[in-house]
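Questions regarding the structure given below will be posed in turn.
When the chains are written out, they are named A, B, C, D, E and F in that same order, and each has its own residue count from 1.
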Amino acid sequence: MPQPDHVTALAPADEATLPDELVPYFQKCRDKLGFVPNVLQAWLLRPEKLRNFVRLYDELMLGPSGLSKLEREMIAVVVSSWNRCYYCLVAHGAAVRRLSDDAQLGEMLAFNHRVADLAPRQRAMLEFAWKLTATPHEIGQPDRDALGQQEWTDADIFDIAEVTGFFNYTNRVAHAVDMMPNAEYHGIVR
Amino acid sequence: MPQPDHVTALAPADEATLPDELVPYFQKCRDKLGFVPNVLQAWLLRPEKLRNFVRLYDELMLGPSGLSKLEREMIAVVVSSWNRCYYCLVAHGAAVRRLSDDAQLGEMLAFNHRVADLAPRQRAMLEFAWKLTATPHEIGQPDRDALGQQEWTDADIFDIAEVTGFFNYTNRVAHAVDMMPNAEYHGIVR
Amino acid sequence: MPQPDHVTALAPADEATLPDELVPYFQKCRDKLGFVPNVLQAWLLRPEKLRNFVRLYDELMLGPSGLSKLEREMIAVVVSSWNRCYYCLVAHGAAVRRLSDDAQLGEMLAFNHRVADLAPRQRAMLEFAWKLTATPHEIGQPDRDALGQQEWTDADIFDIAEVTGFFNYTNRVAHAVDMMPNAEYHGIVR
Amino acid sequence: MPQPDHVTALAPADEATLPDELVPYFQKCRDKLGFVPNVLQAWLLRPEKLRNFVRLYDELMLGPSGLSKLEREMIAVVVSSWNRCYYCLVAHGAAVRRLSDDAQLGEMLAFNHRVADLAPRQRAMLEFAWKLTATPHEIGQPDRDALGQQEWTDADIFDIAEVTGFFNYTNRVAHAVDMMPNAEYHGIVR
Amino acid sequence: MPQPDHVTALAPADEATLPDELVPYFQKCRDKLGFVPNVLQAWLLRPEKLRNFVRLYDELMLGPSGLSKLEREMIAVVVSSWNRCYYCLVAHGAAVRRLSDDAQLGEMLAFNHRVADLAPRQRAMLEFAWKLTATPHEIGQPDRDALGQQEWTDADIFDIAEVTGFFNYTNRVAHAVDMMPNAEYHGIVR
Amino acid sequence: MPQPDHVTALAPADEATLPDELVPYFQKCRDKLGFVPNVLQAWLLRPEKLRNFVRLYDELMLGPSGLSKLEREMIAVVVSSWNRCYYCLVAHGAAVRRLSDDAQLGEMLAFNHRVADLAPRQRAMLEFAWKLTATPHEIGQPDRDALGQQEWTDADIFDIAEVTGFFNYTNRVAHAVDMMPNAEYHGIVR
């Protein structure tokens, strides 16, 4: 499958500017995934920011949390669905398919998460993420209570909020610079 | 002026969990501002995340950029205006007033940025931030071109996009946990 | 603090056209407030309409009602928040601060009224005003019942509706002519 | 045609409370129209407010202006169309049909004003009213300029803004109290 | 009453292209209604499609169903009200007036269906049609259950959905080609 | 890949009720596709309607037109993207992939059609379909002119409008009955 003809609409970054400490990180991407995700190439335009982005991202999506890695990716896809972010729907849709080994689940979350037959606990999590994305000023105590009733702790609520917030951030950067995903994502777990 | 009766609606964090490396940071806040911003108290619920948040924030808002610190705060307020985020409007509205020494400018950006009599270059920056916040999937090449015509470079466009994205993230966390700003902000540059 | 460089974007009115009967009214403004509110200067473009406007306004906001003057100003600010009307947020935000002697309350109502810790009766009043402003055709009997359950009488409901309606009127005139508030409002009760 | 079974959802007003000075006004309605418009019956719940309402209304809709009476009624219908206000669409739709002697014009303005084959000057007036109703905070200098290019003066722009604002007020009161129009309107100029 | 000056904004169709099998159909329209509805003249631009359209329409609106013909026309008007479709509001508003012999009912459904004093079963039907038109992706099991509770069967729910869907189709074709209704509709049952 | 556990949320239809004339049609589906699309199973609840649906659909999507079959499927996907219709995004996304032999094109149109690198003529077609879906009452002569400038004829404009309208119909029926797509679609041209 052909790669997209651009990573972003901005001037491409030069990998020679990659901070030394991130060289092993890029290498690990190439070893494990076979490619460096274009989001990193995009952020490399501002190398000093790339470092902070990687740290925040890895803790948020891979660090210890009451949310499983799959649940965090599910939020990523649902937020990106509201925002219609092509990059994130492709990259994190692939992550959902890979982590769940369920080729349809990624499609459902990307197209309309309400058709998915989820556990009530996960459904509550996604409804919170959806509403917080679409109409953040309408979130209130009843919404937090709905999470509490599904046994999400206060620390979990913080994590749900932060993952939701984070993809509202990256979705906007991706839209703003016309970021295109690596072609490899399309073939994962079909 | 009385402090709000809660920092967030979640269980309060215990400052004893503050990572050692951040102790001087909190102390610097107390020395310089007279208080630790509640956003840090809120993030302390997840101490390992607080560290990443502080690093990203300081680089984004205070590090080298083609945008002045005031311009970055202006974006913060305009994004928070769309999202109707009380915490960020209070805290970053105060920052705009302090950095500009203009008591009305913060009000204008918070209530309706279009009434402010800004240079065309700043107006273009804020229109981009507003549209990227409100309808991210409608941003396109004409919007990037409008920034370029005002002599914003590609690196600047990245920074405008990232600051805009970032406050769409923190606004949502603030709404999600009902974060309340320190009372001290209200009195700054009135 | 400097005055704005224009009262409206239209040709300025000449105070010589002020109807005789309103001369004492303008004088009273100067005596009590120290200035004539710009909304009156704006309406003076059509002097015969200014008279009716003043009468309606004074009865609506200062006349006998089941709503306190502060409550009427609270509605004014919440309606203006939805409509993002700079003039009315500044002028009536100041009125809320003055009547409540609470510097934060005006900010809360202007930025996001849901963060304010209000009595349920006032909260119901503001939720009605917000919905009637945002989606008037969705108001129905359940919304009126919610007011009745908070001991608002039918005459009170009429007054809540009328104050809400009235600021949807003046907000639109202010937007349409780019009306700017007097600088003095900014300093009141900070 | 049967009258509606209620004037409003609130307690009905008693005509005995009609202020003396308005007795001839109600009589004139009965003589000229054959009935007292229900909006007046509704406002009679607050008799002291009815007087101000009548004065403002008569000056606004019938007094001297650069807008013809028909043009003011056209704005009334277009604003009420956006707000989906049954009372005002029926009453002012009838007024448009009567003043224009054009049975289709009222329908067009009520259902979708863009299908009407209007002069560019009137079309500009209605587009301004529509936008000012729907998204007031997006009105700006280009919108005022578009009116000026159609030879609307500054005083006319004020009147267009005020009529537009006024029906955003009465539409909301009508929705809030479930006001029903007199049956007689339906039969006018069909 | 004058006919509109165009049927659509596209090149007019030539009735000579009418498929033979539809000649009696057009004749029946002229005999029964006194005219051929302009929607058929519009579709005649693509004669082979006209045939399918007529068949689908006649079964949908006139064939056997748990919904009365009036109920199907009520849905047509409510859908067209959301979509602000002039053609369908005029043509199907007339049908509601004719089938119900109630001159006000058509106005109510066209302007704001919630003011009509309907049986709960019909109200549930129209609320479903309204929501399915406005925000189709928010329809869920609770909405279907609300219909079931009003004794609508599964086949009825299918028919409600199909009539709602169908007018979302024809409304869009009418808007897309600027279709104008025959003048005769305006005079029916006033 | 497992089949979904339901075709719709309504009582399942019995294939014994299939009209005789459609038996070969279902057989042809099984021969060519390997399955009967669930949309046909859903419509079988009302067998007499299924016949009309099939005729209309086949003419619309497969009959002679100035739009290629792929172009019609592209519209189907873009309309379904706005409406977030899972069934149609899966089924017609697969059709776009199959007809274009481009695994990414279907994803682009489903997630955010503006990222696709299309010919201006097709882009104009999709922008028209998108706007006609989202805000039908805002379509006007400039939108039709934009199609004409890309050499779409009046008959083509009719077909673009009709395909757009049609998927606004079927999307709503699919949402209303919770229609689930056959699992086979997911594997096509990945």
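The rule is simple: a residue touches a chain if its C-beta (ideal position, glycine included) is under 8 Å from a C-beta of that chain, and two chains touch if they have at least 3 such contacts.
Quick caveat, the model's predicted, so the values are computed rather than measured.
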Chains in contact with chain A and with chain E: which ones? C, F
Determine, using the mean of C-alpha atoms as each chain's centre, which chain is farthest from chain C. F
Between B-D and E-F, which chain pair shares more contacting C-beta pairs? E-F
Chain centres from averaged Cα atoms put chain C and chain F apart, in whole Å, by 51
Could you work out how far the Cα centre of chain C sits from that of chain E, in whole Å? 44
Touching two or more other chains - residues of chain C: 84-85, 112, 137, 140, 178
Full enumeration of touching chain pairs: A-B, A-C, A-E, A-F, B-C, B-D, B-F, C-D, C-E, D-E, D-F, E-F
Residue numbers of chain A touching chain B in their complex, please. 9-11, 45-46, 48-49, 52-53, 55-56, 59-60, 63-64, 83-85, 128, 132-133, 136-137, 139-141, 144, 154-155, 157-162, 164-166, 168-173, 175-178
In their shared complex, at which residues does chain E touch chain D? 1, 5, 81, 84-86, 89-90, 103-104, 107-108, 110-112, 115, 117, 178, 180, 183, 186-187, 190
List of chain F residues in touch with chain B within their complex: 112, 114
Parts of chain F lying in touch with chain D, wherever the complex brings them together: 137, 140
